[in-house]
Amino acid sequence: MTSLIERSIRSAVLLAALALMPVVQAADAPLRARDLGVPFEGTPGACNAITDVAGVEVGHATLISGDGPLQMGQGPVRTGVTAIFPKGRSHSGFVRAGVFVANGTGELTGRAMIDETGLLSGPVMFTGTGSVGVVRDSVMSWYRRQLGPDPQKLFVHLLPTVGETYDGFLNDSFGQHVRQSDVFAAMDAARGGRVQEGAVGGGTGMIAHDFKGGIGTSSRRLSQRAGGYMVGAIVQANYGSRAQLTISGVPVGREIQDLMPSKGQRKDGSLLVVIATDAPVLPDQLRRVALRATHGMARVGGMSGTTSGDIFLAFSTAEPGAPAGNLITAQYIDPFAMNPIFEAAVLATEEAIVNAIVAGRTMTGIDGNTVQGLPAERLQQALRKYGRLNPVPKITAPEGCQ
Amino acid sequence: MTSLIERSIRSAVLLAALALMPVVQAADAPLRARDLGVPFEGTPGACNAITDVAGVEVGHATLISGDGPLQMGQGPVRTGVTAIFPKGRSHSGFVRAGVFVANGTGELTGRAMIDETGLLSGPVMFTGTGSVGVVRDSVMSWYRRQLGPDPQKLFVHLLPTVGETYDGFLNDSFGQHVRQSDVFAAMDAARGGRVQEGAVGGGTGMIAHDFKGGIGTSSRRLSQRAGGYMVGAIVQANYGSRAQLTISGVPVGREIQDLMPSKGQRKDGSLLVVIATDAPVLPDQLRRVALRATHGMARVGGMSGTTSGDIFLAFSTAEPGAPAGNLITAQYIDPFAMNPIFEAAVLATEEAIVNAIVAGRTMTGIDGNTVQGLPAERLQQALRKYGRLNPVPKITAPEGCQ
Amino acid sequence: MTSLIERSIRSAVLLAALALMPVVQAADAPLRARDLGVPFEGTPGACNAITDVAGVEVGHATLISGDGPLQMGQGPVRTGVTAIFPKGRSHSGFVRAGVFVANGTGELTGRAMIDETGLLSGPVMFTGTGSVGVVRDSVMSWYRRQLGPDPQKLFVHLLPTVGETYDGFLNDSFGQHVRQSDVFAAMDAARGGRVQEGAVGGGTGMIAHDFKGGIGTSSRRLSQRAGGYMVGAIVQANYGSRAQLTISGVPVGREIQDLMPSKGQRKDGSLLVVIATDAPVLPDQLRRVALRATHGMARVGGMSGTTSGDIFLAFSTAEPGAPAGNLITAQYIDPFAMNPIFEAAVLATEEAIVNAIVAGRTMTGIDGNTVQGLPAERLQQALRKYGRLNPVPKITAPEGCQ
Amino acid sequence: MTSLIERSIRSAVLLAALALMPVVQAADAPLRARDLGVPFEGTPGACNAITDVAGVEVGHATLISGDGPLQMGQGPVRTGVTAIFPKGRSHSGFVRAGVFVANGTGELTGRAMIDETGLLSGPVMFTGTGSVGVVRDSVMSWYRRQLGPDPQKLFVHLLPTVGETYDGFLNDSFGQHVRQSDVFAAMDAARGGRVQEGAVGGGTGMIAHDFKGGIGTSSRRLSQRAGGYMVGAIVQANYGSRAQLTISGVPVGREIQDLMPSKGQRKDGSLLVVIATDAPVLPDQLRRVALRATHGMARVGGMSGTTSGDIFLAFSTAEPGAPAGNLITAQYIDPFAMNPIFEAAVLATEEAIVNAIVAGRTMTGIDGNTVQGLPAERLQQALRKYGRLNPVPKITAPEGCQ
């Protein structure tokens, strides 16, 4: 019996030590969920980001200015633009894509084209609701600058793909502060490798589960047996109530009932998800992949609220095939062999959302409205309570991620 | 001026002669719309039937028995079953397929599977509404007879594809007279070549535009420039009001307001369409092809009534590709090059519906309910009035159609 | 025999006279299809326009400037904006709506919201493809001007509804010439009563069946027995090949093979249709109504080409019901009693398309590209040949249409 | 410090006592998840079953016979039929309904009708894949017995609603053992109150997360503020891998890696869900409710495998409204006020699935294939490990549940 007591005491001390252990964070590498000991399933790529899918490039333009009361048209401004290029900025052509709408009170321009032909051209853009139009038209303008004034070359860029979530709690959304130059800046900034998360780009003014949200990303490498493909996700997380927040099975939202936004619970918000893969998948299979973002969202506790624009897009960077006349020859995955890709899509979406929340820092916007960042130690405390904190939290040092 | 008058007279005499010219019909070759001088666009295949698509086999089982008042469960019986095998009775595997529902108050079992995977196994079956279940289960039984008691082989046949339209004006629909043996008979009877039209198989008790309807078929050969592919359609036509009936642009229904069913205008009924092609087309493109049956229906005046089950399925007999591991390599048509196939689908559907009506013969069913066949001379009279009767009606002598 | 010849001669003379008969056109009332003797089914409202549905207001802003070679960003400009307000400019709230996409290679912003909730706020806007974004954002701005800087009031206008077709054959589409002021002008110009057709507003640079196309409208009054409701349609017609063009069953396109656009047949183009009704119809029924625009298009010969953006929206101006708490009490039409509305939608769409073509006048745009207007006499000639020209063509004098 | 140790000891003793405490089970009341201390969110109704929605009646017919090797057509038999009547056996008419397909490799007859009109007539039936047809046709026959041979009365029952999952690991599925009499037995047995779970009715031969699955049910009562409505779910659970199994956030599947089916992991299987509510909800909102079953499934770890038929149906028992002529007056919930119903649907689905697994008992079927039931103590052990076992497990004594 004595030894039992001793073991109990030793455990308690160890736990206390862990609780006090400071989380070390490199200056230029903000913390991500895994760095805090949050356990996830599956094996991520080098950057644990959508850019692990070769060719994918992400760029942000972040607009933060002003403070104090809302002066519509003047600010304060907490918004931005994110560009996600499937095959890099210099590529002009189609990739295969599919869209699923879990709840449609949002916008994704370009969707009808993808639904009909299974093809996506140009980047997928994320922004705030008030700026969808300028982002859409500016994508056309950017290609005009890029490709020159040639209607034949530009024809493929007539239907840009722009999604949004609503940042009106922190941002002067109706002021429509995004300019063409901001869109160009986001597109010009696109690169592979590490992806900034949190309050950047389109995610600048976003809120998730009543914590500061925004951009998050993650990836999964399929086993060699399943083809060794890469699946990556990037989200703009702006949805969910506190009570629903679940991380790795732990009811974090019920554990942290304080730290609410300054005016109480927000509306439903929205979740944008883009899933990329280098697996050769046909458009109708990509629609199925996109649907699985629903499962990823559900694992974090989301239920797709009635005013939530939960719109998910999946694309494949695999060569759509060499056309010979009207015939295309292509290789693609058997529709009955999609499970590893489905699973990777679920898991990457789940982790990307959690990363968006973990990356969140407290922000004050219009009218002094304030949203709290999720404190790392509170998250760890909750995970520990339910036996889910990974035992040796350490900073992810992604070798090979540039 | 004299020669003008002479030419006028000569034309008038020729027209008069044509008008009086009896339509010759071979005993074993019932008339089809082209035989009567109905003009259509495009070039049909040898049989002007869905069976012009190599591999397609069609079989009917027709149940006609009893007369007089309805005795539910006893009859009278005016129903049947039609089997349409994409690649012949002996083929067991998948073809690519897509479904479009123009108005959904009908049934097509197996549709969810096609929507999800783009794959169809086994035949598409047509029957009356009351017999969908027995036909569905019997398809499984037929394959058990065919392939032996091997779950591995049979697994692909767990979700048979059965469509229906309602034959309750002429048939004891609720009596559910179709038996497994009838389903087997239709499947066993499937063959290529000429396809019986009108009151046969699933079409036995059907009504179209208040004339006797049922099964009709047609095909179109694409130009060599468009790939030379074949597109065929088969319909079970059981829809439409008289006033709407339009044939080759002529308001035939308004020209023939008599010859109505014995109890006045019927309910909306339904239209089943199956479109086959040997063009290599992906499932999402086949859904687009299926949608074009709507245009074909509209050209005959149909508007998809509110209780109409207008369900359209398109499949491709092209090899779905050789799987190597989980990868399939396949050739398919550029989604931007679908127009010739779309047009062929529209035109073949239009002509198939008209063929179904032209093949209709007056039928009396339950309670003495009677539906008139469209008289050939009345149709020709209407076409002539609007300058649309082809000048030299002659019997289609389909060389090469066996 | 003599009398036969005499009658023939007399007929010929009469026909010649009709052919030469000048069509009288009032200066301020451009011709519409019925004015030329084109026969249609059903009974239109006072204006034979979508504005016959009480509350609907339509406004155009038309941008025509420059000539000669394309200087991207400079012009020539042949484009514009059309605003269709369901319940007038001063109404700010929801109406019920439903969308159907016959072929999706186009854009309709705001669609996901309508799909999800069945609700439409603000106007439906038509423009050219290059200007969707500026129109979308400007609708938000217009409401900000209209309603003041109040996020609560503006919230309902976060997802504007903007459709497009591509005017790049005549217009410097990639030059994106539409400005916020043009959008405001179209919205401010919205009124009930007569609707300008042809090369106005969003329809300015459009082409239909290789003739000049653009905006067209029509309406149908339901019988009292069917509720006496009004159904109106407005189209932006920019689709279709010449060979397909069919008017009132007559193969007009095959009869008029000359007068082609200066560089031969165009691409597929697109068809936008908005259908309005004052009938109380639920959103899922409105989606069904929207689908019937497909039948209307098919009656004019359209087949929804593979690059066609054929997107159809139907809305009801009936009061969506008075909410009490979370409960809404509303009256609506039995889903099984939709046929009269379906038929009216088909017929109004058909006539609206023909009106768009009839209203077309020859236009020259970028690079000297020229599209011909359909000459009234050629259309009448074709209809006459097939016995479909109404015997007494007269100018529609719409009493009661302001 | 002493008191801390004492408290630790006291806690440890209490936990040990709880671990040893036998779970008491009444002879006639099989255990359910809550009885074992599994924590769930929300407040269930009296029976914690779909029958808590007034009017809903459930009946089962269970077919278990034979042992040993599969003799196709002879057995062994492990299958059955479940009938779910929205408003009781004696009601013949429509209720509003909506369907969502998360993954479509399954069957739900009657779906097109529901999609189109939003109306469901008769019961929703669950069975094994091999018997969908006989169940469908027998529902028609049952109504013929019930309502008499009157086509007018029977017309509404032409398109029965039958779902399935595949029981071929334990059952002679291709033997098609269900007879009309079995279907009648299930329908005749339908009643309100307690619902049998596990290996009964359609769920007899089913497998969930590699444990014995089958039928499960649960319900949630909305707060008075949200209208006080009831939402209930019933599932036929036949899906999921062991590794994925998550219960109340606990990775139960990874904790219990033994007790696998005799031939290793099964195929994807399928999940059928029916959600009932007495809230007045329109069909398009019910489709949204049905979609939320996806979130419920995801909370138990399911990801909708590629061959999974995950088909979800929601219906409302609220009066669809009194028709006056063609007009229906009805009350329904504001589409923007659906969140409480969505949440209830998610939670009831989640618990119904867990109940199906908890109710599972080890079963041996064809060829000696054996599936293990999830042992209560192993489940409790896993929950305890992660701090999620409810402290005072007690048998649910549902007062008011008859």
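Letters A, B, C and D name the chains as they come in the text, with residue numbers starting at 1 for each one.
Just so it is clear, a contact is a pair of C-beta atoms (placed from the backbone, for glycine too) under 8 Å apart; a residue touches a chain by one contact, two chains touch by 3 or more.
No experiment lies behind these values; they were computed from the predicted model shown.
> Please name the chain that ends up farthest from chain D once chain centres are defined by their CA atoms averaged.
Most remote chain from chain D, centroid-wise, comes out as C.
> Select, from A-D and A-C, the pair of chains that is joined by more C-beta pairs in contact.
Higher contact count goes to A-C.
> Distance between chain A and chain C based on Cα centroids, please, to the nearest Å.
Using C-alpha averages as centres, the distance is 40 Å.
> Can you check how far apart chain C and chain D are, centre to centre, with Cα atoms defining each centre and the answer in Å?
49
> How many angstrom lie between the CA centroids of chain A and chain D, rounded to a whole number?
That gives a centre separation of 33 Å.
> Going by the contact rule already set, what residues in chain D reach two or more other chains?
In chain D, residues 103, 116-117, 288, 335-337 touch at least two other chains, as defined above.
> Taking the complex as given, what residues does chain D use to touch chain B?
70, 72-73, 101, 103-113, 115-117, 129-138, 140-141, 144, 149, 151, 154-155, 158-159, 166, 168, 173-174, 176, 309, 311
> List the residues on chain D that touch chain C in their complex, please.
Listed in rising order, the residues of chain D that touch chain C are 116-119, 226-227, 280, 282-284, 288, 323, 326-337.
> Which residues of chain D touch chain A in their complex?
4-5, 8-9, 12, 102-103, 246, 248-251, 268, 288, 291-292, 294-295, 297-299, 302-307, 335-339, 342-343, 346, 385-388
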